[in-house]
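What follows is a group of structures, each given as structure tokens.
In what comes next, subunit A is part of two complexes: it sits with subunit B in the first one and with subunit C in the second one.
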Partner chain A sequence: MGQLFAVEIIYRGVFQKTLAKNITRGIVLAAHNEGKLGISFGRYGDAPERNGIPAKSFAIIANDEQTLEAGMAQYEPKHVDLTVVLDDTLCKGAESWAWYGLQPVHHALKSGHTLIVVSLQDAPTLLKTIHRREEPYKLGILKGVTSFSGMWVYKDDHTDVRVLGAIAKALPELVSLKSVEKFITEKLKNSLKVTSTQTAYQRFTAVDVKPGKGNPEELFNFELLPWENMRNGVSIPGQPQGGPYADPVTKQTGGFRPARNELFKKYSTRTQRPVVNFSTCTKCTLCWLDCPDASFDVTPDGTYDANLEACCGCGICEAVCPVKDCVTMVNESLFHDNDSQWVRYKKDPHTYLKWLEKTIEMAEPDEKRSHGFRYRGQYQEQLPEALEVARKG
Partner chain B sequence: MATTTLPVEVEKKIHEQEALITGAEAIAIACKLANVDVVTAYPIRPYDTVMQYISQLVADGEMDCEYIVAEGEHSQFEIVKHASICGARVFCGSSGVGWMYAMEALTVSPALRVPMVCMVGNRALDDPGAFGVEHNDALAVRDLGWLLTWVDNAQEALDTALIAYRVAEDRRMLVPLAISCDGAFLTHSQALVRIPAAEQVKQFLPRYDRGDLLLHPDNVISVAPQANEDWVMEIRRQNYAVTERACSVIREVYADFGRTFGRKYGNPFFEEYLTEDAEVVLLGMGTLSTRVRVAVRKLREQGKKVGFVRLRWFRPFAGPEIAKCLERFKAVGVIDRDFSFGSPNLSGVVATEVRSAMYTGASTRPPVLGFICGLGGREVTVHDVEKMTDIVFEAAKGVTQPLTQWIGLRG
Partner chain C sequence: MCHATHDLKAGKENIMSTTFVDEKPTQNLEAFKGVKKVPHEEYYTSGHRTCQACESAQIMKLMAKAAGPRTIVLGATGCMYVANTSYYSTPWGVPWMHTQLGSAGSGALGVAAALRVQMRKGAMKDEPINVIAFCGDGGGADMGLNAISATLTHPDYNLLILMYDNESYANTDIQISGTSPYGANTSFSTPGKVKRIMHHRWKKNVAPLMIAGHPTCKYVGTISTSYPLQAMNNIRKALSIGGPTFIHCLNPCPKGWDFDPVLSFELGELAVNTGIWPLYEVENGNLHLYGKTKDIANGRFKRLPVRDYLLKQGRFAHFVEDDIEYFQSKIDEMWTKWLVPGVIPLQKEVEADDPPAR
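Now for the complex of A and B:
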């Protein structure tokens, strides 16, 4: 058997579907310039059609047809030579409709191979989020904001070719810079994009990540039952109703927390999360009422606490909240836990409110950016800045 | 034995009655006896006769049920599906393209384990718009986990409806069941039928209980969530397990039916007529049996040893038993009141199934000839049967015959 390569692109469903596809197509066509054969495909499922859900695209490359066929004879590659993460909030793990449980972003990455993340953060910060693993790997950061390039009206910000440049650097056996340049010149017919890919190639570096380094969080998993042990009638047990719970300080019980499915946590879908100012909340109920996922717990105080295992980060609560800065959506990558904000507030209101102020401040302006866009025209406004970041590398 | 001293109401309860009724009416009466909770209706010939009879029973105060006229067949079947999951005994039905319009609801009910009992008044599928019988409507669900049975007279229609509730609602089964009644020949012609007493039926038919599959506030479950490829195959395997059990459950229920009502059907899956010394047999489903029996008797007078096998249950298809039955004849002719365009040998559905069963289950394999006959309500005449028999005898002699022939066709 000849040489076989698999590249995995992890992206946010809908928003980055075209970008991911453009990259995997680019890999195949560039490698084809070297006489290699390949295919490009998306992991089939509902996920890529849903807002922000982690989804995957793949490129399989081989030297000959039989090797390629061997690489194609599976639903999705179990081991990849390169993983690209197009949104750094995905570093918290991929857990989509299709997979159950939480998978680390380097789940399929072969030992010693490279994980490329598009991010404004540095490696030590990202490693607070990326889960630890037994095998060593390399972490390379391609400086840039989360790109929507290729999505309907959003302008091309060259993320596709910058990723291709980084790939040529990280895995030259797969495809050379020369082949990538040829692909861009001949197929994309854009000399500026050639420059972008060259710059990305020159500036891209990766650091070694030693075994055991990274986020120690225990990944939650899911058991696939044999058919005899499954319930009949395509039925699953419902959730109990839920009920009141205790104030961490006064120990008094009250409020209402709905029971939630232990096997379906939505936090990996989130690119932003609501932070709540409990001191200015007027208890108007709107966030609780309008949340499409019933993710708000009614606290014993009568305020509303976004439960971060249930919140998918859509931002509707922020949109409907009538109080200024009471609910603010903040980029998910700034957080490293899913703890209750209300419990922290109750234990130490002063420290919490200071933290809140700082967090909201920090969120300006790029961190506030999310797949949820907070106002019309935000993307266009931020694009020059994003391009500037890309230029500087 | 009826006594004159008993009030009429009591007499009705404990004694069998006799009445001149149609096949559709027989099924309506079975619904009353089975104390069905929810009935949905939408008119289409020939099924609509049963909805008319049930509505009359309700109007006359003889039957107490929720009677819902839906705005189309899709809703008709969706409503009973939901009612059944909530613990109601349900009845509905349709014909021809009406049944096809309900197709989405029909496909989902086996996996959801819905024991809905339906009558299909068999009708040709459009186009051309036609009222007459053809079996392709009911057969459209043959691969989906439905139980399918064909009856040939009003008495059998009534009895089979009672049997249907026992089989479908059995905890080992819990799958939908359709009783096919040939349009016009059965649905619209009246015959003398013995109607069992309500007390007997009560004894035969226990309460419908779906246990922990019941959708109820006291049993909180979520039904029919979206699933991906990690689950679908296991769910299909569960329905496969039902089909593995189906034959033994049906046999059990028929035996109990015989004990309770004194009317014994013998082998539940097919009925044999003058096959003991037969050299060749014809095989078919539904009301064409009357003509075939008459023809068989006539042919026997001429010394031609022919018999008839009437298939009662198409799903489950009692393959090994049918193969064992048919292997002893010199040739078999299968009469299909349906078509399966492009199938192996271009035969009808039943002929194809019979050949498949014979391939694995029979020690000798006599020629199996397929006849496509009686489509769109065209009469299968005694003469047609004679013609088919002659062809089968030729095959028995070793004279090669076409594997599929159209009988009663002009031209």
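Now for the complex of A and C:
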């Protein structure tokens, strides 16, 4: 048996589908230049892909055909030599379908190997969200604006080739910078992209993460029922009806909190979250009524509290809210919990509103963080900024 | 079943009733009088694996809320089946069952008939129960059209077929369906360098198909998720009126239409305001336009240019000026030349159709 490499790309479903495909395809074609064989594929369990929901794409590379076949025989690689995370908010963990539970991003990464994250943040900040693990690994950050586009129109901001450059640096045994350059020159025929990949290669560094370092949070998990314990036929229990709940201060009950699906939560889909100013809320009901995920709890006060276990961060609530600055979408990476904002507000309104103001202020530079196509010409407008970051590394 | 019975002893036929339709009472679901009167209870709650800002999930939530607890829902294969049945879990709070892709109509009819038999036999309490079949445009406008048509001719059974329309086979990654709009980029119509427009068919006008073809059907209508209160009240009306009913709902799809999820709601409004998606209902044969559509028809509101709607979606990013103009001219035709503007496409004079790309 020859040598077998597996690379895992964790990305935002649909938003980064083309990007992830371009990267895994690039790895295989660059490896061809070294006489290696390979295959790139998306995780079957992620199809049909939904936008925002964490998904995975793989590249498997081998020195000879027999080894490649052995690697391909697996449903998905159990252990990978390199993990790439294309959006830093994914560092909170990936829950793809209900049966996986929430998995840390380095779930499949071999001991001592490198985790690459595309981010504008630094390693200590990211380690507040990346879960701790027992084996050591390396954390490398590829400085870059998160690249989001959609199903049909691709934002070609060089993220694909920059990731390839970082991969060549992190795992030269897999593919060398020379092979990547050759692939870009011959297949993509773009000399600017060759420069981008070289810059990424030169600037990319990784730090050692010692065992036990990182986010101590317990991962959301549940017991998978074996088939003999399931109900007869193919029936499953439905959701119970929710009900009123108590005000943390006055202890009076009121409002309404719907029951929540305990086996599938949606917060790992979120790249931004709504923050609510309860003091300006006019109780117009629109955020609650227009939320496709029924994620708003009706508080005993009659205001609406985004339940952050259920919210997937689409931003409709902000779009329909008639009050200026009542619901604001803020970059998810600023937060480290899913606690109720309303409870915090009730306990100490003054501190909460101060915090709210500060949070929105901090998040403002991220307003440009778009989630796909809004109008024609938008990607072209965003390109110079992304390329500037790429140039500076 | 009919009310004609034979009095054998008397040796003569006795017609008990002049109607041959065996109607059963429905739940009397009155309209919600304002957003503040909408009940808090959710029968389709969180924890489904749909896209961010999925308007199809939104109409499912509104439908369940409008119908209330005594409801059975059937889901034909599609996005809203697959996304709601991940491992041993569901967001449903009312009974829901999967039915095959083309069988929304027959599934609903079968369930309504089975309920009637169970109640007649005394196997379950005799009470009106809402039966709703929820199908997509692929399941409803394409594959299930014959079963829906057959079902709408059965006046004895109370049921609603709600077709959510995201204008493609979205679950399997966006293939063309009968309701995909002209020119849209899909997995089957990727624009190329030689041929820009790969989809030349015009969107199927489904609700009028049901109206014209099924004169005994008491309620057919169109709704939009961007007008949630109106949508819920129309669903309640369709469930209360009795017999088989049909509603067609347009649902902006951030994945397949390729737009930032934050625009979902706005695109639903734009579809109405540009005149692409007319809102109307036909109740016992009477057509009522409602909302902005009514204002457009009355001349109180000027239709917005279709350009505003098209340029916000990645699936139309390959359109050149000619394509936008052609699209606009087809919408103008709907409103200026059709026998019933926006609804019935009969015309006195039909001009030659000349799209800019072949």
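Definition applied: the second predicted complex is superposed on the first by the 366 of 393 C-alpha atoms of A that agree within 3 Å, B and C clash if a C-alpha of one lies under 4 Å from a C-alpha of the other, contacts with A are read in each partner's own complex, and residues count from 1 in each chain.
Basically, contacts are C-beta pairs under 8 Å (C-beta built on N, C-alpha and C of every residue); 3 or more make two chains touch, one makes a residue touch a chain.
Predicted model only: the values in this text are computed from it and were never measured.
S.K.: In the overlay, answer first, second, both or neither for which of subunit B and subunit C A:269 touches.
M.R.: Second partner only.
S.K.: With the two structures laid over each other on chain A, which partner does A:226 touch: subunit B (first), subunit C (second), both, or neither?
M.R.: A:226 sits against subunit B, while subunit C stays out of touch.
S.K.: Taking the superposition as given, does A:295 touch the first partner, subunit B, the second, subunit C, both, or neither?
M.R.: The answer is second: A:295 touches subunit C but not subunit B.
S.K.: For A:38, decide between first (touching subunit B), second (touching subunit C), both and neither.
M.R.: A:38 contacts neither subunit B nor subunit C.
S.K.: Between subunit B (first) and subunit C (second), which, if any, makes contact with A:239: first, second, both or neither?
M.R.: A:239 sits against subunit B and subunit C alike.
S.K.: With both structures fitted on chain A, tell me whether subunit B or subunit C touches more of subunit A's residues.
M.R.: Higher number of touched subunit A residues: C.
S.K.: Once chain A of both complexes is superposed, is A:214 in touch with subunit B (first), subunit C (second), both, or neither?
M.R.: neither
S.K.: Does subunit B (first) or subunit C (second) touch A:320, or do both, or does neither?
M.R.: second
S.K.: Just subunit B (first), just subunit C (second), both, or neither: which does A:51 touch?
M.R.: In the superposed model, A:51 contacts subunit C only, not subunit B.
S.K.: Go through subunit A and flag every residue that touches subunit B in one model and subunit C in the other.
M.R.: Residues common to the subunit A contacts of subunit C and of subunit B are 97-98, 224-225, 230, 236, 238-240, listed in rising order.
S.K.: Which of the residues in subunit B end up touching subunit A in this complex?
M.R.: On the subunit B side, the touching residues are 85, 111-113, 174, 210, 212-213, 220-231, 233-235, 237-238.
S.K.: Within their complex, state which residues of subunit C touch subunit A.
M.R.: 35-36, 38, 40-42, 44-55, 57-58, 61, 69, 79, 82-83, 86-96, 171-174, 185, 225, 228-229, 254-256, 258-266, 311-315, 317
S.K.: In the complex, go through subunit A and note every residue touching subunit B.
M.R.: So the residues of subunit A touching subunit B come out as 45-46, 75, 97-98, 100, 224-227, 230-240.
S.K.: If we count contacts the way the header does, which residues on subunit A are in touch with subunit C in the complex?
M.R.: Result: residues 13-14, 47-53, 97-99, 149-153, 224-225, 230, 236, 238-242, 255-256, 258-266, 269, 284-286, 289-295, 298, 307, 309-310, 312-316, 318-320, 329, 370-376 of subunit A touch subunit C.
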